[in-house]
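Right after this note come the structures.
Consider the two complexes below, in which chain A is the common component and chain B and chain C are the respective partners.
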Partner chain A sequence: MSASRQAAASARSWTRRRAAKRERLEAVEPFASGRVLDAGRILDALQALLRPGDRVALEGDNQKQADFLAEALAGCDPKVVHDLHLLISSISLPEHLDVFERGVARRLDFAYAGPQSVRMAQLLADGKVEVGAIHTYVELYARMFVDLAPDVVLLCAEQADRDGNLYTGPGTEDTPTIAEAAAFRDGVVLVQVNELVDKVRRVDIPGDWVDLVVASPRPYALEPLFTRDPRQIGQVDILMAMLALRGVYERHGVTALNHGIGYDTAAIELILPTYGEELGLRGKICKHWTLNPHPTLIPAIESGWVESVHCFGGEPGTERYVAARPDVFFTGRDGSLRSNRVLCQLAGQYAVDMFIGSSLQIDASANSSTVTEGRLTGFGGAPNMGHDPHGRRHSSPAWLSLPAGEPPALRGRKLVVQITQTFRAGGTPAFVESLDAIQVGADTGMPIPPVMIYGADVSHVVTEEGVAYLYKASSLAERREALAAIAGATPVGRNLNERRVEALRRDGLVALPEDLRVDVRKAKRSLLAARSIEDLVTWSGGLYDPPAQFRTW
Partner chain B sequence: MTSMTARASFIELDARARAFALLDGGTARELCGPFDRIESPWLEPQGVVPQSDDGVVVVRGKLAGRAVVVIGIEQAFQGGGIGEVSGVKIATALSLAARDSRAGVPTAAVLLLETGGVRLQEANLGLATVAEVCAALLELRPLQPVIGVIAGMLGCFGGMSIAAGLCTELIITSEGRLGLDGPQVIESEAGVAEFDASDHPLIWSIDGGAQRIRTGLADTLVPDDVAAIRAAVIEGLGRGVPADHRSGWIDSLGALLAAVDPTDPPEPADLPAIPSKGDER
Partner chain C sequence: MSASRQAAASARSWTRRRAAKRERLEAVEPFASGRVLDAGRILDALQALLRPGDRVALEGDNQKQADFLAEALAGCDPKVVHDLHLLISSISLPEHLDVFERGVARRLDFAYAGPQSVRMAQLLADGKVEVGAIHTYVELYARMFVDLAPDVVLLCAEQADRDGNLYTGPGTEDTPTIAEAAAFRDGVVLVQVNELVDKVRRVDIPGDWVDLVVASPRPYALEPLFTRDPRQIGQVDILMAMLALRGVYERHGVTALNHGIGYDTAAIELILPTYGEELGLRGKICKHWTLNPHPTLIPAIESGWVESVHCFGGEPGTERYVAARPDVFFTGRDGSLRSNRVLCQLAGQYAVDMFIGSSLQIDASANSSTVTEGRLTGFGGAPNMGHDPHGRRHSSPAWLSLPAGEPPALRGRKLVVQITQTFRAGGTPAFVESLDAIQVGADTGMPIPPVMIYGADVSHVVTEEGVAYLYKASSLAERREALAAIAGATPVGRNLNERRVEALRRDGLVALPEDLRVDVRKAKRSLLAARSIEDLVTWSGGLYDPPAQFRTW
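Let's turn to the complex of A and B:
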């Protein structure tokens, strides 16, 4: 190395981020005592902490929200704090978008915008927000370790002690990941907590990673997103559950799996102790799960079907039940659930053999999306669960039962199953010629259309008509025919002739209820092991405490 | 947990299946059934598809060997709303039971009440038939017991809650609800500050079956189970016609009203402590 280049290197500072962090923390000192910020002066503290153009990760995922900090951020003076670049996994609160409307933030990278999807589309059209990209959850976190390192992260937890040790409770979710992205690259970690205590129940995040805590005047918002009331499950859902159980779970011997949150998959969970038991499948299928503590899984757990469940997050009301079943759930020394979204996503990609979920629209090639006209919903975690990861190298009987790859590099394949009624409520067809997502993508100038699950990854589709074994199709044309055969009277299904359906059945690409020996007359609500939330409470031995909105007694 | 999968839910059944489930096997006979095609003439002009039994099922038969008529309101049709035809079906069935009772064939009645009250599409005609229902109920109840069952999930509201109040005895589940104005009606009329119709704990702390038992406005709390509900109905019928009916306790019910200050309403939990029928009886 030449002398001049050596001199340049020694002149350059390698600790600029560290220095900036020190400066920020000094600026908030007047509002803090040790690491504890005064909740009453949170606005001043945020304005002292933030610099224009900062990249800020605001914790908001599909269940828990750092809502006190979101509100404070939305209240910042845009003359002081402006042009922020926000990283939010799930845009759930109005405050998340107020930040943009008021000019506090300008750029946004996110994964999901369910409850705010309409306003999100409007703000985008009005030019109030620049979207970097719409991600899946894990992609957004991954980028926080690559090119989107946050300067400040605003998180939430149940408890903190004065050293900053955090107890997240059952809903650990994304918090440790976002904290890590900041803590080890000289970002500032600020956490709103429900209570300050002398000793936290267990340490989910060490105080060493945490710079500031603030006691929120109210507990952070938490949505019971995974609670499905069995009373809403209809006969068609039950029929589809029976078809899925025989045509997919039993046929492929699926032991490790992930479920979506629809009523159709809830029906599958609820017929395991009845129909599944009758078929003698206990111990042969559905032993290991990656999913949140679905209340509708309680009867299967209590009947001895389930060996293990690893969770993305918690679910309000299941705390005492989960704590009482540590052989099944991951729990800490304090007894409560420990969840972790990133690890559960990883498990969902590489360790389970099947994903099954429903979608709002499926096109003739089996591409699916939940994006519909006028709504910019994003993806959440479904695309990660709903694809065949080519990085998998261990095999299992279920995975090997779907032959894939070209000789000599033969391999197996993950089961990616879509389950849906041919028509949704109000007579809207689930199977369409073209996804709304394609148009929305074009209208909003997205570089790629927002397809949730690619048709090429889908191995099976289940409807009330039957099961399509798309993985067996030898061409795109055949795949489309197999799908059409179970698409009923929708635009996709109505043009296939009877003779082709017969041929597809003979070749094993399509199975109708009689081919699977499913007695359609049995598809009654009496087949559900629990028909109401009350039944779930009874199954749990009184350990499940359903949230108020689900109580009908 | 086999009991969980073997149990027969009553709530799960539709009105017809509920009536047949209560009656002794092989004795049930439906009157004015759907094949008689007695439909409401008022719905079709308003764009509502009518139903051939107009949402009320009348079934005669025996219950523990005793002659009864079971009258069930179907909650899945127009929210159990009472119209001209369905109301007259109920009133006539009660009247005929009274006539039979007077003629030496004692016939009790069981009312399965899942109703939001008068059907809006048939406004005044519905109101008039609810009055007829009440009159017929008052005609029958001195002769034979009239047992009301509120199983859920709809509950019993509006005009038909008055008929419920006239019953000899009321059987209710924890899921069942009883009230004059339903939660949504109160919210839309008086505002969300008066009553938040999305607040389930609030609704059930006032209208819910367990609370209605505690406040003496219903008599027997039953689980959602066909056998348990059937046994409770048989017991209620066995107690026969009481010396006086709840609806006759004008003074004590009036005292209940007087004890409540509407500008400072009591907490739901304190309602059972307000002096009620037990103090008079």
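Let's turn to the complex of A and C:
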């Protein structure tokens, strides 16, 4: 090498991030005692800590929110703190967008914007926010270790001690991953906690990774997103659940799986102890789960169906129940749940054989999306669960039952199941010629259409009409026909002729209730092991504590 | 629900795992002081801790080995400890198989068996070991959270304190993930450490997750698997590196990437500061990396090419260098590297645009494998890096430059690049009609052939003949032709006629050196920024300390 080049290299500083971190921490010293920030000075502290243009990760998970820090960030003076680049996995709070409206932040990379999706689309149209990209949750975290290293991360946890050791509580979710991305790249880790204690219940994140903690005046916001009231489950959901159980779970022998959060999958959970028991399936299917502690899974757990549940996050109200069932759930030495989104995603992609979830819209080729007109919702975690990971190399009977690949590289395939009624409430068809998402993508200038799950990745679709075995289709045309056969009177379904349906049934691409020996008359609410939240509480032996909004008694 | 069913449920114990763990820990108390086991009584301790039929995860990573515990396990009396089910990601030590030969263990789930692959195949043929499945690394960890929960895990770390807090050192690799799988499902976590200290350098794993530690009489075994001596890099490697740089990196604008460990990819790393500089590519490509600290990356780092490197594991000899370059590498407060295989895998799948690696064999359809006759090597991590993850939803220019998907669900695609000379040492063709792996799979009764990377997932193949752009092929036949065009005089390449090659060049499916404006005469060792290990030490400013086997001076 040339001497001059070597001289240039040695003259370069290799510790800029470290020096910048030191400066930031010195700047907040007036507002802190050791690692503990004064909650009353949080605005001053943030303004001292942040630099214009900083990349800031704000937690922002699926369920829990660092809301005290979000509020403080939104309150910063845009003359002092501006042009931030925010990384937020789930945009759930008004403050997440106030930050942009006020000019504190300018650029945004995110994964999901459910509750704020309409305002999000508006801000984008108004040029108030520049979107880098819309990710899935794990993609956004992945980029924090590559090209989106955060300068500062604003997190939340239940407890901290004065050394910064954190107890995240049952809803661990993404906190360890975001903390790791910052702590080991000289980013600043600031955590709002519900309480400061002398000794945390258990250490979920070592104090070595944490720079600053602040006791929030109120516990962080947490939504019970995975609670489905059995009262809302209708006969059509129950029929679909029966079809899924016989036509998918039993047929493929699915032992390890992931469920979405719709009423239709809740119905499946609730008929395991009744219909599933009748079919003699206990111990044969549904033994290992990757999902949050769904209250509607309690009857199946109590009836001995479930060997293990690993969770992405927690669910408010299930704390005591989970703590009392450590043979099933992952719990710490202190007894409470340990969740972890990244590891549960890993399990969902590489260790389970099936994902089943509902969709708002499915097009004629089986592409599906939850994006509808005027909303910019993003993706969450469904695309990661809802695809066939080609990096898998071990096999299982369920996986092998879907032959895939080209000779000689034959392999199995993950079951990716979409379940939906042909028409939604209000008579809106679930099956449409073109997804609203395609138009939303075009209108907002997205580089690719925001499709949630690709039709080519979907192996089965279940409706009240029957089951379409799309993985058996040998062409796109055949896939579309099989889908049309169970799409009822929707624009996608109404033009398929009866003789073609018969042929598809004969070839095994479609199964109607009678083909699966499902007695439609049995699809009654009496088949649900629990018909109300109260029933779930009873099943739990009084260990489940439903959140207030689910208590009707 | 029926009263009787509820009574049965409440009679069931839900804390069996917890009770079993308590019993085990009580049984080892005679051999421990607090959490610290007496190294001299390790055999007694293991025999007290383990129960016949236990599922035991033994670390067994890609690089580091809990060798003291492996040796003790192999020494157990098979009358006391037998029929274990072992989970080992990398079978590297003779003791890993002695355990089976002696009857201590019977069942095995693993990911890679490089150094022990011949003996492994023999033991399998002799019926001494029952293989559950061969996984990739992350699949095996994923299953620890689903259907392969370990009862006991045997790990290694550099330091522990008496509370069980661990410092894993730069080679963090898989230790936190395996520890989490056990610690939160009432498994026992036992860790051999190089030293017991009053205070660990930094806490990588909290003591709350660790039950027992033992000071090993010698440091754990650690292999420098990622060190490639530039002396071994020949002119053909350099030519391929030039072709890759122009035909793939430059053409697609690849900024975030992962490299395998071959001499061919090492050559690419070493011509960035020379050929890459000449092409004006610094700052335009190769900015963000996910890979271990390859010594051959040092000149590119020193020349200002590299903005970040996140690592699966460490690499012996790079400790001081990495610690002095915290702007580039992920390091802890103590200054040393933090690696993490699961997070780096996540980054490799969802945040980088390209994987490039070499293969031992590639068939005519571009399926590739490192399995050759008589060896049962397994997969390691290549299949996870070497596929297009359909769960990705954000885009980048490189990813978008490979159009994929069916309308309207159009998307981009990951670059999965295979690089190899047409003939290996000894004149063995790299391109063959049928992979040895197919025969090995059939002979050993594997449910699917052990293909490393599927042909349909490969986007580019680079040889000394040129670059095949397989992602542009519209049929399997066209993919095979494009591959044949660069497969030289191998059985795969020799029958393609010249006119067909011309047509493929015109259509952009194949590029020869002249198409890429690569001057073949420049492919000389003088183009390497470092031509020896000594040169790498010089580039590092004396910070790189090569392991003894790489020191020739």
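Note that the second predicted complex is superposed on the first by the 553 of 553 C-alpha atoms of A that agree within 3 Å, B and C clash if a C-alpha of one lies under 4 Å from a C-alpha of the other, contacts with A are read in each partner's own complex, and residues count from 1 in each chain.
In the analysis below, a residue touches a chain if its C-beta (ideal position, glycine included) is under 8 Å from a C-beta of that chain, and two chains touch if they have at least 3 such contacts.
Model, not experiment: these values are computed from the prediction.
*Asks:* In the overlaid three-chain picture, which partner chain does A:17 touch, first (chain B) or second (chain C), both, or neither?
*Replies:* second
*Asks:* In the overlay, answer first, second, both or neither for which of chain B and chain C A:488 touches.
*Replies:* So A:488 meets neither chain B nor chain C here.
*Asks:* Answer with first, second, both or neither: which of chain B and chain C does A:302 touch in the superposed model?
*Replies:* In the superposition, A:302 touches chain B and chain C alike.
*Asks:* With the two structures laid over each other on chain A, which partner does A:231 touch: chain B (first), chain C (second), both, or neither?
*Replies:* It touches chain B, and chain C stays clear.
*Asks:* Using the superposition on chain A described above, determine whether A:247 touches chain B (first), chain C (second), both, or neither.
*Replies:* Touch status of A:247: no partner.
*Asks:* Specify the partner with more touching residues on chain A, choosing between chain B and chain C.
*Replies:* The partner with more contacted residues on chain A is C.
*Asks:* Looking at the overlay, what does A:408 touch: chain B (first), chain C (second), both, or neither?
*Replies:* second
*Asks:* Just checking: does A:314 make contact with chain B only, chain C only, both, or neither of them? Give me first, second, both or neither.
*Replies:* neither
*Asks:* Does the superposition put A:539 against chain B (first), chain C (second), both, or neither?
*Replies:* both
*Asks:* Just chain B (first), just chain C (second), both, or neither: which does A:552 touch?
*Replies:* A:552: touches chain B, not chain C.
*Asks:* By the touch definition above, which chain A residues appear in both interfaces, chain B in one complex and chain C in the other?
*Replies:* 273, 299, 302-303, 529-530, 535, 538-539
*Asks:* Applying the document's contact rule, which stretches of chain C touch chain A when the two form their complex?
*Replies:* 1, 5-6, 9-10, 12-18, 109, 132-136, 138-139, 141-143, 145-147, 149, 165, 177, 180, 183-186, 202-204, 206-208, 255-256, 273, 287-288, 290, 299, 302-304, 307-308, 310, 324-328, 330-333, 338, 340, 342-344, 346-347, 349-352, 363, 365, 367, 379, 383-395, 400, 405-406, 408-412, 434-435, 438, 447-451, 454-457, 476, 529-530, 535, 538-539, 541
*Asks:* For the complex, which residues does chain A have touching chain B?
*Replies:* Against chain B, chain A makes touches at 231, 273-274, 299, 302-303, 525-526, 529-532, 534-535, 538-539, 548-553.
*Asks:* Given the complex with chain A, which residues does chain B contribute to the contact?
*Replies:* Residues in contact with chain A: 1, 4-5, 8-9, 11-12, 152-153, 173-175, 198-201, 204, 208-210, 224.
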